[in-house]
Each structure stands twice: as structure tokens, then as C-alpha cells.
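Chain naming follows the written order as A, B, C and D, and within any one chain the residues start at number 1.
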């Protein structure tokens, strides 16, 4: 029923504040965890960098799936486009400056986002899922065919990025790549925080909840989703470029259905519709995979499967989503 | 000289079935028109034709002298033809403030911005406050919509329509589902609608119709059978015939 | 002309194999509204059981097939009871997560029990070899698969459209609450349809094994194919699935004959085209 | 601060090299996923080596650390190789089933001062990626070329080539085409089909229509080879007398039981058959079969791994356990020994293995088991594909 003035109303008022505490907390958390990772696992930086790159892909899926409600099993197309974009720029055009490579990756990702958006947004539900599958297979096949440019199934090797800012070489320990990845992640995270709170972010959330209402407001739902697809392409493209720069090789796996499906699983595992969910899902899945596959590669698939089932049974909103609910209940209980 | 909003010779057939039959009407600035009719008269189809969700078989629709028959639903909204919904369509995880802000931003063509927060845009905030105050929703402005009462959600529907500053507003049963005790608030809100706005209200509640409308149009079996003053409507033989039996409440309310 | 005939026969055979394997998924997705990515896993279980029964126990093909279907259903019952029942009506993504999890587990277990090598199901003498059609020969087991497809399509159509259970099922799909109010035990209806779907998967796994050999990654390898078939046909529609299979079979076969190096492009472009023109699947327009 | 950490790590790496009497070897391969069987064979080969020769070289003990890359995934492979070098302090990298995975790790070698021994990945170009790469397996060019001579000798002049449309498939096509045209034959048509092809009937129709007398085919070992061979038989091509040639990936021993009688008579050329008749191979197969558990799963990657360990042990011997990639690689250049597959040499020029390639035919042995029976030997084959590597 109607709630008059009570504490939750006053609690809501600080929305007016200019300063975004949520972003600050997230920022501090990323930096603390990132730095801790650097010192706790100094010999695993390559793996951590890889986690960051995939995290960018998962964040990018969250933009279209979590915030806009588009189901996709083909999002690696955007990631792979970024990776190949940056890689081809380096190998065939001699663009080896890492920042420029990243920008090229972002643009390639945005283009791939535009193309897949145009196709995928033509249907809903299961047919949409199938369109996304078709898109990723077409991208994969195209890259396989264009082996003169992409190296085909042998992979695109020979990417040799310059020193970052002319000072920091991409070294054996992967320190530069890791720190660069961390910085990219922070920039993207802050950018996305701004985006999801922005008018456009509200519009996108609205488009997921009730597209008819959005069009009754005079906004074209399709255009909103397509723009979001392009933005998500930028994010995924940056992730792809980071892979190309840090591993110096790009394989067809970066354009695969497997990667698309795996990263969607990571997102759902963490919880859709929140940036933290996407990041937590990636870390937990990849960490779990690394741990289990090192311990017992012959059975890791069974254990990963069991993990996924357990999450559906006991944390149906994903790890972050369900965690937030439990925390909220706990707080509510105290009040 | 043309009317603000005009529908001429509108027809819609589904297969062999004619659902809208040669409907014509026109409205000018400040009009308060009620569209009534028994169930199955074709009101919903009419709304869908006007808002652009259905394509008419023939006939045309004009807004401010411009033919909008071929325009799609969203561009009609942008041209100033706005509707509200019979069943509340709101974003349950957003606050009323966010709803209205989004509508204002959309109207101002600022909803595509990927930076900034509406709270940091004073002119937007001022307008949002103003509308929420006008409709008595200020106290709820930071609650999630799922937490507020249905009557208040209906008010928010009206608030959203106002925020879009339409030229013509189609109100689809604004009081539907609202308990009798709260209809007064809805009525009150309708009074606050800008006086130069042309309003076409589809409504079942005859009390509301008579208090609000200056003119009543009766639709039956897809055809307009009456267009005139609220006083005259109950006297009209064809209207009585159309409603007889099928809509006993109407006569009692009249 | 002969070539056209020949391609048409290949297309028919391939399409029917697809149909037998995918139709169960169409039932779960269309009638029970579950995005069941584990469908291939059940087909695989069927394949393994039949292979074990026929090769290791030396039983006949028919008995092995029967064991596969019944065995898979028995294995699936607890899975339905404890896992699937939790996701009926849940959001699509949750269903995806759950059924992928189940698939992973089944793959892992199959790998552990049967090892990573290919398993075959020995065909009976009558199904071995090829039949001569005059201008070309066709494998006998393919003719068998075509017949199986026709029988399954007919039986399923009869089951859903003409039996009391079918009426209950359709009622439960249209409006579960209403059906329950009318005394339909929706839980039982769901369990039975799930069993039917799983049984069909197992049958498909056995009949299709000549084309899609049984090995642990079967469940993932062909998942996409099954999904595509169901989406193109329109989930839940038997005629839709049948037409989709024949159409996709024809596109795939023709593409691979005319321009094998672009076969993949052909196929997926056609899928995009069909799905865009018929967003609810082929059956969405046919009805 | 940063420099301090770096110094500490460097010191750690160096010290592990200088004083350790445990020498670590990092093996990257597919130990889970659809290709787990091949990874299992790596492990079986390595275990067999230790079972036969022990795990000690002088005073130094060899310790193998496995890392799993389930499918071709160069980024993951590089990350794991890096981790092996930096964290585990491995002195040797080995394994690598897929070419892109091997390629991804080669840029590390020089900086890390680590040699890499390829136990499978079969694209010619890998050895050119770094001077620290040595290969003990084969290349697709190497195994696909000799069959051209077999075809020619069998009186075949017109062949249709059918390969999977990916790197190794294209390699096989080019290798066969080059060799066969040199023999004076013609490849009437070259078909590349997508890796995901399940139904090969339309392809067989093409083969029939092409009027070729024989088919040269390459598919990655695994489920699709089965469908391909069956389609070949069932569509009446076998009956029509069309001959079937291909490299041995087609008839890897672990797929033979599934192929059954359909596989009988298939002729393939390859560097190794589990049934190779020599005392060395008998010892090897005994040990490897024990290591893998199920002898039916034993296949060609095991011998690449076995010989890879032999090469690594020679490297350790030459360097006395010191970490010195250059010296290690130098020591095995020109190394010759008798492998289970027959006499082999590491070509000092390319660092690729020179070996006999055998023509084999699938037959049933006395116990009713399907085997690849060696019928002809092409001695001392190098890698003809190297000439075509783009510089």
C-alpha cells in the first residue's frame, strides 16, 4: 500500500548527490584486488590478464543481456573482431603501438557489434538465440576462410606490440600486460558505471522491462538496443585487443561458439544486470576452472557442471545477485 | 483552418471482418472528448490504429495538418500524439522520479546521452519535481514503482503522459482497476492537464465521463453512432439501443 | 537430373535423421517451455546404452534400442524430479545455466565410464550394406532412419492431437493453472512429456549413430544443430520440425554438393533468412 | 618496489636452475575436452619413457608438470606456458597438440631461455618461429607426400582431394598435390569441406561425379573420420573400385575398432603404427599400454611424447642440468637414435625429425584386432613443407 514518509524515502533522497559512492567502492575494490593479485600471484600474471580480458567480454555481454534483455550465444564475435582487428593492424599494417592497437580493437568490436546487432535484433527468444549462433559461426567461418589475413586455424602469430608509452616492454612475466589490462578494466568499469546511470542507461533498462512503454515514450527500442550493441562491441573489442597485445597471437577460438557460450555462463553464474555480477562470475568461473583442471583435468568438466547446477539450485539470481538479496535480508532483519 | 487532430474515413478489416467502419472525427486544442461504447465496439482497435500499432485498411489520420497515417508508432509520439495504457505499463524497478525524468529527457531528445545523470541537470530536475508535485507523487519519488499502490501507479501513467508534453493525448481508461475511493484523485489529476491539450479519453466509468468530457463519442460495432454533448447522449435512441442489455450499468449511471 | 535426384535423396535421409534426433527437443522447448541444452546428452546416453547392450552384451539391435530408450528414461526420471522441476517457468538464462551444467556432468561421467573413444552400435545384417536405386546406391540404415522419422512423426502427432493425454498436455501448456483447476495433474503431465522427449532423444541417438557417432562430446558437438532445427521449425510443432529438418537437410546437402568450401556460409545464412522471415518458426506461419 | 619483485623472481628462477637436482618439464596439451584422448597419449608416452629409462639423468631427476588446454586456444596456451616458466620454473616446455598453441608460446622461449619440444603440432612453420623449437612428431606435409608415389605406382593418374577446411587440411591438400603432380598425376578437383560436416553423402556424390580414380582425404582424427569412411563405402565408391588414400590421421589406432570392417583395406601413410614390428616398439607399447590403462586407446601422439622425452633427457645430459637453451638445442641437432617407430634423426638444419614414413593397410590381425599393417617403407623422409613456409 501507499507508503508515506518513512526512512526508506529519506534514504532515497541522496540520489541527488553528484558523487557516485557506488563507483568509488567498486573502483577501490578493483584496485585493491588487482594490486593484491599482482603481489599474491606474481607468477600468474598472464592468467590474471586473461581473466581481465574475458571479464571485459562478460561485461560486454551484460550490457546487452543483463541491461537490455537480449539473449545471445554469439557475443565472442565482438571480442574476436577486436582481437583480430588489433592483431591484423599490428601484423599487416605495422600498427604496433599498444594504445592505438586497443583503439583499433575497440573500433573493430563496435563494427562487429553493429553487424551482429542488426542481425540478432530481428527476433526474440529462442529464434534470437539461434540468430546469434548463426552470427558467430559466420564470423568464425569468415576468419577461417580469410587465412591470408587471419592465419586461419593456425592462428595469427607475430604480433609484436611496442613498449607501452614507449617505456614499458611487454615482458615474460606479463607485468606490463597485467597492469595495462587492469587500467583498461578500471577505465571501462568507470565508463560503464557512468553509462548505466546515464539517461541512455535508464532508457536501456526500460527497454528490457517494457519495450512497449518505451516506444510509447517516443523512443525506438530497436535503435536503443542497436546503440547498446555498438557500445558493447567497444567493450568486448577492448578485451579482444588486450588478448592480442598480451598473448601476441590470436586464434580462431576467440571467435568461437564455445567462448560465447562459456562467457554467457560466467555472466549468469555471477548474476545478470550488474557490473559486479559480471566480474565476479568471470573470476569465480575461471579460477574454478584453473584450480580444478590443474588438480584433475580428467574430471574438471563434471565439477564445473556440478558448480553450475549448484548455483541454479542455491543462488538462482547468480552469485552476486543472490548474495545481494541475502545481504539485504540480513540488513532488513537487523532494522 | 485544419483541426489539430483529425481522423477521416478510417476502416480496418481483419479478413472478412470489419472492425472499424468509416470512422471520422476531429478535435481541436483544448478539447475534452470521451470515447465510449459497449464491449467489442472496436475501441481498442481504434486506439491501435491511431497510435500506429495497426495499419488501417483505408482512411487517414492527420495531426496538426500533417498526414501521419504512414508514420510508425514512435514517430507519432514524437510528433505529439501520446497515449496512456489501460493496464499499467511501468518499470517496476525504477522510481517515479526516474520514470518522469526519462520521459522529459526523451522529449528533449537527451535520452541518448551516455554521460551524466539526470539529477545533475537542473532544468530536467525542476520539471520532474513540478510534475510529481502537481500529481501529488513527490513523497513517493524515490520508492520503486513495485512498492507503490496501484492508484498511484495510475497517477504516474498520467504524469508520464504530461512529461511528454503532447498535443493530443489518448487516455485509455485512466481509472481502470482503481478502487472507487481513489477515483477522485485520478479526476483531480486529469483536471491538472494543460488546458490547451486535446484529450481523447476512453472510459467505462460514466461518472468520470460526464464530469470530464465536454463531448462524447459513442462507438458501436466499429461505427460512430453518436457525437455530441454529454447531455444529449443518454437521450439518443441509437445509443440506448447499442447499450441495451449489454451494458446495463450505463443507463443506471446516466 | 540424376544428380538432382541423388541430392534430394541425400537431403531426405539427412533431414529425417535430424528429425528423429531433434523432435524430442521440440517437445521440451515448445510444450514445456524449457530451453533444454542437455537434449544431446540424453541422446548420447541412449547411444551408449545401445552400444553397450549390443557390443558388450551381444544383444540384438531391436532389444538394444529398447534398452537404450527405457534405460535413458529411467536415468532421466531422477534428473527431472530433482533438477528440471526446479526450472520450469524459470527465466531462460537460468534454464541455460542448469541444462549446460547437467550436460557437463553427463559428459564427464560418460568420459569416465566409457572412455574417450568412439562407440558404435553394430547394425543387424538387414540394415547393413546398401540398396541399389538404379542410378546410385543408398545405405540401408538410411532408409531405416527415414522410416523411423515417419513413424515417430505420425505416432507423436497421434499422441498429442488424438489422445486424452494429448488434450491434457495441450491444456497444461496453454494455461497450467486452469488445467490444474480442471483436475489435470500438471506435474504428472510434465513428467510424462519429459519422459517421452527423453525417450525420443535416446531413439534418435541410436538411429542417428551412423551419422553422428557416439562419443563423450556428442552432447556439446551437435547441441547447436538441434537448437537450430527446433527454432527454425517453431518449437513444439511436429509438422514445423519435420519441414524444418527437410528444408535444412536440403540446404545443407545442396550446399555441400555445390560449394562444399562455403557450406557453412550457405547453411547459416539460410538460417538467418528463415528466422528473420518467420520469427516464430516455420510453423508459426503455417498454422 | 617493482624492480625488487622482479629481481626476486629472477633470482628464484636462476637459483632453481643452478642448484636444483630436480629438472622440471612443463607439458601443455589437451588433457580434458574432446581431444583428451590425445593428451592421455602424451602422458602415456612420457610415463612409458620413465618406466623404461627411469626418470633420472645423471643425478638430476626429471619432474613433469602438466597443463591443460582442452581445445586450440593460443591465449590460454601462452598464459599457461608463461606460468610454467615463471612460477614452476620449468627448464623445458613440451607437448603442444595444436599448432596455434605451440605458435603462441614460441615468443617466450628466447627470453625465458627455455627450449621447446613439440610432441605433436604438425604445421611446418612452427620450427621456424624460434631457434629453440625441436619437433619429435611429424608434419602433415611429411606424412601426406609419400602417398602420392603410392597412388602413382598403383596406376592412378586422376585423383580428387577432399580435406577439412582448416590449416592441417590445406597443408595435406598442398602436400599431396605438389607430390602427385611431380609424379606426373593430376588432381582433378580439390574440395575443402567445413570441419563441422556430419553428412558426407553429398561429398561422395561429388567424388563420383569428378571421374577420379582415387580419393585423397584428410580429416582430423576423431568422430568425423568414421562418418567419412562409412559414407565412402555406403555410397558405392568402394564398390566402384575408387581407391582411398590419406595420411594416417584417418586410421589412428584408437578409431579402428569403431571403423570396424568398414576400415579394412584403407591405405594410409604415417610415421608410426602401434603394430610396428621392432623390439624397441614392443617394449614401448608394453609400457605405454600399461600407462594408458586401456591399450585400445594407444595412438600416435604417444610416440611423439616418448621420443620428446628422449630428446629432453639428451638435452639435460648435455647441459648437466644447467639452464642453457642454446646449448641444449645445439646438443640434439643431428641426434640419431632408434625410436619405437624406426630410425630417426633430428635434422640439424630445421630441428625437425627426419624419419621413415610407412605405407600401411588396415587389416585384422591373428587375434581379430584391427591394425595398421606396414606394407612399404619410405626411408629418411624430411619435411617437404618447410620449403613452402612464408618468410
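Going forward, contacts are C-beta pairs under 8 Å (C-beta built on N, C-alpha and C of every residue); 3 or more make two chains touch, one makes a residue touch a chain.
Since this is a predicted model, take the numbers as computed values, not measurements.
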| item | value |
| --- | --- |
| Chain nearest the overall C-alpha centroid of the shown protein atoms | A |
| Chain of greatest Cα-centre distance to chain B | D |
| Centre-of-Cα separation between chain C and chain A, whole angstrom | 33 |
| Intercentroid distance (Cα basis), chain C paired with chain B, Å | 49 |
| Distance from chain D to chain C - Cα centre to Cα centre, in angstrom | 36 |
| Between chain D and chain B, distance of the C-alpha-averaged centres to the nearest whole Å | 73 |
| Residues within chain A bordering two or more other chains | 141, 145, 298, 300-301 |
| Contacts with two or more other chains, residues of chain D listed in rising order | 33, 36, 165, 194 |
| Contacts with two or more other chains, residues of chain B listed in rising order | none |
| Pairs of chains found to touch, sorted by chain label | A-B, A-C, A-D, C-D |
| Residue ranges of chain A in contact with chain C within the complex | 65, 71, 119, 122-127, 129-131, 133-135, 137-138, 141-142, 145, 257, 261, 264-265, 268-269, 272, 298-309, 311-313, 316 |
| Residues on chain C engaged by chain D in the complex (per definition of touch) | 3, 6-7, 10, 13-14, 111, 115-120, 122, 129-130, 136-139, 142, 210-213, 215-218, 220-222, 225, 252-254, 256-257, 260-261, 263-264 |
| List of chain D residues in touch with chain A within their complex | 2, 5-6, 9, 31-33, 36, 39, 66-68, 70-76, 78-80, 82-83, 85-87, 99-100, 103-104, 106-108, 111-112, 123, 125, 129, 165-168, 170, 194 |
| In the complex, chain A residues that touch chain D | 39, 42-47, 49-50, 53, 141, 144-145, 147, 151-155, 157, 160, 171-175, 243, 246-254, 258, 293-294, 297-298, 300-301 |
| Chain C residues within the chain A interface of the complex | 29, 35, 83, 86-87, 90, 92-94, 96-98, 100-109, 111-112, 224, 227-228, 230-232, 235, 261, 264-265, 268-269, 271-272, 275-276, 279-281 |
